[in-house]
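These are the structures in question, set out in turn.
There are two complexes below, and they share chain A, which is joined by chain B in the first and by chain C in the second.
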Partner chain A sequence: MSIRRLPVYILADCSGSMNGAPIESVKSGIRALHSELMGDPSAVESAYLSVITFDSNAQQVVPLTEITQFNPPDITAGGTTAFGAALKLLMECVDREVRKTSEEEKGDWKPLIFIFTDGAPTDRWDENAAAMKTNRPGNVIAVACGDAADPEILKQVTETVLVMKEMSPEAFKQFFKWVSASIKQTSQKIGASPVSPDEGVALPPPPPEIIIHP
Partner chain B sequence: MSLKQWFFGSERPGGEDSPEGGSQSAKNTGSSEDQEQSQFLTPEQLGIKRPEDDPPKEEKPEPKPAGEQKADAPKAMNSDKPPEDEKKPEAAPRPPPAEIEVEHTQILTKEEMLGLKSADEDRKKEEAAKDSSNQPEKSDPTDQPEKKEPEKPAAPAPPPAPLKAATWKTEPVKERWCPPETAKEFPELDRDDYQDHIYVERIVSEQWRVIGGSRRGRKQAFDNRFREDAMAFGHNDHATVLVVADGAGSSKYSRVGSHVAVHETVAHFLKLLKEADAEKLKDKESRSKLLKEFVTKAVQAGRGKVVNIAEKSKLSPKEFRATLLTVVHYHRDGEELLLSNQVGDGAISLLLKDKTLKKFGDADSGAFSGEVSCFLTDSEGQKKAETVNEFDELDKLDALFLCSDGIEDAFYPIDKKALDIYKQWMTGVDKPLDHFKDQPKQPGVFDQEAAGWALAQWLEFEKRGENDDRTVLLMHRRPPSVQF
Partner chain C sequence: MEYLKVRTTEGEEIVFEREPVASGGEKVVFFSKDHKHVVGFFFGKLDDPHERRTRVRKIVGDYNPTTSGAQADYWVKHFCWPTAIVDGAKHLPAEFVRRHNLCNPILGVVCPAYRSNFFFRDRTNNVREKKGRWFTGLKARKLLPDDEKGDFLRYVQCCSIMATAVRRLHFAGLAHSDLSHNNVLIDPKHGDACVIDIDSLVVPGLAPPSVLGTPGYIAPEVVTGKALPSIETDLHALAVLIYETLLLRHPLQGPKIHSKSPEEDELLAMGQNALYIEHPTDKSNHPKEAPEIPVARLGSHLEGLFQKTFVDGLHNPRMRATASEWEKALTKTLDLIHPSPDGKQWFIVTRGMSKQCPHTSRPWPAAIPIVDLFREKGGGAYSDEQHSITVWNNRYLYKWHMFSNVSPQQSDREPQAYFSYYQDKWWMVNQSGHDMIIVDEQEYLRDGHAVEINEGLKVLMSPEDSGRLAIFDFL
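Moving on to the complex of A and B:
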């Protein structure tokens, strides 16, 4: 019997428009996230991290890995925004990596999925977005960064859409800080089960840089 | 007989019998796990190994005040920072590709540590952090450079390997057990005898003994929360009723919900039995029907009381959500009968004399871990009380237990793994089971006179990711006939 994990997927837009300061902020944000989670025993025991990036293609740069084994990836920006491909890959990864409760095994906790993008998709995305809404692979939080990103598109993927107007290093820093607070809060909650499945997750309030898109 | 009398068995050696007066129990309340243990302690005598993460718990409260001054946000996370800080400098000697962002990462982390509750607070704290970073372990060098001296040679944080994973610690709860809204209407619930860990035992009939233990989870302890599991049992000449409840982690006052539900269910069942038509209980057919009805009514009474308390307190019953497991054992004229009802998750397991297991409840859980579709206080809870299971081949039964998901999840699937549990209770623990980090060594729980205490020790097992409250209420035949 294996341990039950809290799978956390981070879908990061690495298209050309992210080049420079934004991608550096994402990289250091992921590092900060990791070291923050190392300081929380619930997260250390339960949370597993995966990073999926998308530019002209989508790739899972870090498979679902436990916190203590996680190596923050080196990622680069360039290319277009294969948002649809990223959603498809995400669903495949969740399917493959996340265990459901069975006769023999207690399932993983419901995954937490963070998606952020700074531009409009350049591929077919609507079918995959619709599939995300029906399949509900986890609790999905999508963030539209900067002016070019369309929160309405993200609304097709999940109810929980946030907008980060500014793409400054500070804003990214606050974003990742909030992500780690969300993971911690979730991994603490799960230790004190049971919960009702219709409740979804309660996340901490986002920082002022990030507003909730109604 | 008062509620407390059922709850606190009279034969326990721990001395918590009189919750108000007992000096032992007074000491217990709010004490760290360590003290708690050392109190019923004979571990050395028994050769019991103490869980390793316990010792640090005592020291933790010290660093905390520092954290408070500094960050003014004494959240659970905060207080565990100092230990982590200590560790980071150690990591410094292995400096791989020390580059700019690496340094930043370290800084970010530090800042984050000072309070990740809200970004606003954070900003204020950044300044505060610098002043207070003169703490011994605080590595000033990393705090101050703040994006300015990125090429510091020490570059302490680089790859994840050097980061030390945090460990558990125990935090006393600061709020009252009973919410003020409820205490106003129900002063009797404004209890101050709450304890992190409790255990009970009692011989209830010639052949049967009840043993129970409930332990506050490491998660709850880390998160400044009360134990949310509850258990109670009661008995008379013919019947024993065992009840376990698990308060929902997402409900604010689920500790009250679970506590009230177990006690009311037990009380109501015994009351119904007392007032029952004796003739109907003598006849085997009508007895079964009547007792099933009583189980349903008792569970509904437990539910009713919680809902009533919520409403009178002007709080939502959702804040009091709990699961409820009920087992009734009835014996008369050499005939025995077992009934059960289950609302929510957790498990009821029977051990038969041929060493086979039987699941004896209707567990309810969702596709993902920790999900329950119906709690006692939900409107469907009333309906769930109507499903009562019956088992009448009692001559085949050797032992049974009810447990909360804190046990069930660690031994999933329990319809198979329960055998490991019974085996340990009967023969003792020499080494941890597979996939367990640690288990205190001990002789068989059933063999010990202080069986409640022994069960409390058993509940100390350590398993990764399993840090919820743990509750077991069991009944076993004396002497057990199953041989492992």
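Moving on to the complex of A and C:
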């Protein structure tokens, strides 16, 4: 009897504006995230990671992979911000990769989805955002990075929107630390806690660099 | 490395590292400068600041088994018990307090650092704490170095210490309230264990803490919201821990589906509809493929207590096996353990059980002597104690085997006798310093002498009142 998987999707904006320090921060952030999770036996048991990047197109650079098999991807920045395409691809991936409960088999946990973007979408995104809100493919946390990102757009995708004003390496580092703490907490605390299952997951308080967008 | 200072309520100064070493659900934890202690500060808003202070004070003070009393030396090894309190620390830098969102006024507990054998280096050369989950999770286990994995005997020893530690808490009326594989460190290399996160104990007369436990270990009546953590709910968690440690699977996680929604399904599977995966009559949650090592291979002492806890007591907390019952059953089970044919593992074998080792799938090729223990009822009559010892070459007997009124806890570790397979015969050698009696032959088994073991041999191990009678048989 295998234990339920906790799928985690990271949607990373890799458009041209992320070039330089920001993209390097994201790369080292994902590496740090992976090594943090490797140190937590509960996360090792249940968490699965996938990375989807978007520039002029959207691509799944790492399919949903168990922590011990995960290789941090090499990603580059360039192009525009195909946010709508990324949301569409995310929903396809969740649909394909996340096991649903069947008559015979227990399904996966509701995925944790972290989206971060530093600019306005350059494609049609509103329909896919609306679909995300209706379908609720998981517990979605969206982060608007820097001045050019519009948290109101992210609000069309999920209720949980955070703002990271500064795109410094330290801010990214703190962000990924928080992501790993969220995954660890969820992989431990998910499940039969005596709370209503509709309440979603309780995440740790974000670091000072990141504020909750009301 | 930068350091900060605080003072405990006892006036002792603690210098600690500015960067945290760990962060949990309620506390952020820092190493002291000498790495001999850690200080954990509560963060967020405490919903019961007054109650919590009183609770922590009582835990560090009145209820502390590690500072005085019998066996304090033993408990200090197997509990990471808080030693001091930090209550209010106005001079800590505001930036530090804000960054870690420390509660106001500041409250912290000082604990000893874990002993060094509770750390290991993983395959990526990082130092990790030996949380039980590393050893019971099938994927996590793969990241362990082979020499840390230990053998089956050591896992039984780890469980024995856990049961003893929990028995000690319950004896004082305390409940741990969050026993789980995150809050018990185990060291299967040496058969050692330590219960951690002592600061959220349920203390008699005070409201229970807000922590309801860790999923998978929370008793069904807490999952369904009908009860709060207590000694009875600890007994559920303890049984889950022992089952997982010995069998590497969860006793309630079976294939039975209760709901389409995984969250709802889990809530039912651990709460209202919880069902043992080895339930003797209701097979609806049995794994599709029978487990390689069914619970029966742990012997009747443990199998019986699992049945008591996960069948009779699953939805009826008062029926659960107590920590003291677990402790005794584990002690008896340690007496049934036998080396596997390859000499690298151990397995449990006694009357009615296969002589094939389930860990190595190899059968033991020869007869195995077994001893049944009896205690005198008075007037020359003896009663069967349902306690057997499986004999192997070079196995020792200790005082707790010889006397019905000595427990392993109280006894020294001086061997009193041993068994030997020598020149194709089995022998029992007395080294207790006193004479034993070979009952049917009306002869003494003198100190330093041996008697050949045959079916039906009866040895009175001590003529004293509590001396036990041993009767031999072969499997």
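Simple rule for what comes next: the second predicted complex is superposed on the first by the 206 of 214 C-alpha atoms of A that agree within 3 Å, B and C clash if a C-alpha of one lies under 4 Å from a C-alpha of the other, contacts with A are read in each partner's own complex, and residues count from 1 in each chain.
In this text, a residue touches a chain if its C-beta (ideal position, glycine included) is under 8 Å from a C-beta of that chain, and two chains touch if they have at least 3 such contacts.
Predicted model only: the values in this text are computed from it and were never measured.
Superimposing the complexes on chain A yields a three-chain arrangement in which chain B and chain C clash.
In the superposition on chain A, A:T134 makes contact with neither chain B nor chain C. Of the two partner chains placed around the shared chain by superposition, chain B is the only one that A:S28 touches, whereas chain C remains out of contact. Put simply, more of the residues of chain A are touched by B, taking chain B and chain C as the two choices. Looking at chain A, you'll find residues 1, 3-4, 35, 38-39, 41-42, 44-45, 67-68, 100-101, 103-110, 181, 188-194, 197, 205, 207-208 touch chain B in one structure and chain C in the other. The part of chain A that touches chain B in the complex is made up of residues 1-5, 24, 27-29, 31-32, 34-36, 38-42, 44-46, 67-72, 100-101, 103-110, 173-174, 176-178, 180-181, 184, 188-197, 199, 202, 204-205, 207-209. Those residues of chain A that touch chain C in the shared complex are 1, 3-4, 35, 38-39, 41-42, 44-45, 66-68, 100-101, 103-110, 181, 185, 188-194, 197-198, 205, 207-208.
By the touch criterion stated above, chain B contacts chain A in their complex at residues 76-77, 80-81, 84, 101-102, 104-106, 108-109, 112-113, 116-120, 122, 157, 159-160, 163-168, 217-220, 222-223, 225, 228, 246, 248-250, 321, 323, 344-345, 365-373, 375, 405, 409, 412-413, 417, 435, 463-469. In the complex of the two chains, the chain C residues touching chain A come out as 23, 25, 44, 98-99, 101, 122, 124, 126, 128, 131, 133-134, 137-140, 142-143, 181-182, 212, 214-216, 218, 222-225, 249-250, 253-255, 257, 259-267, 269-271, 277, 287.
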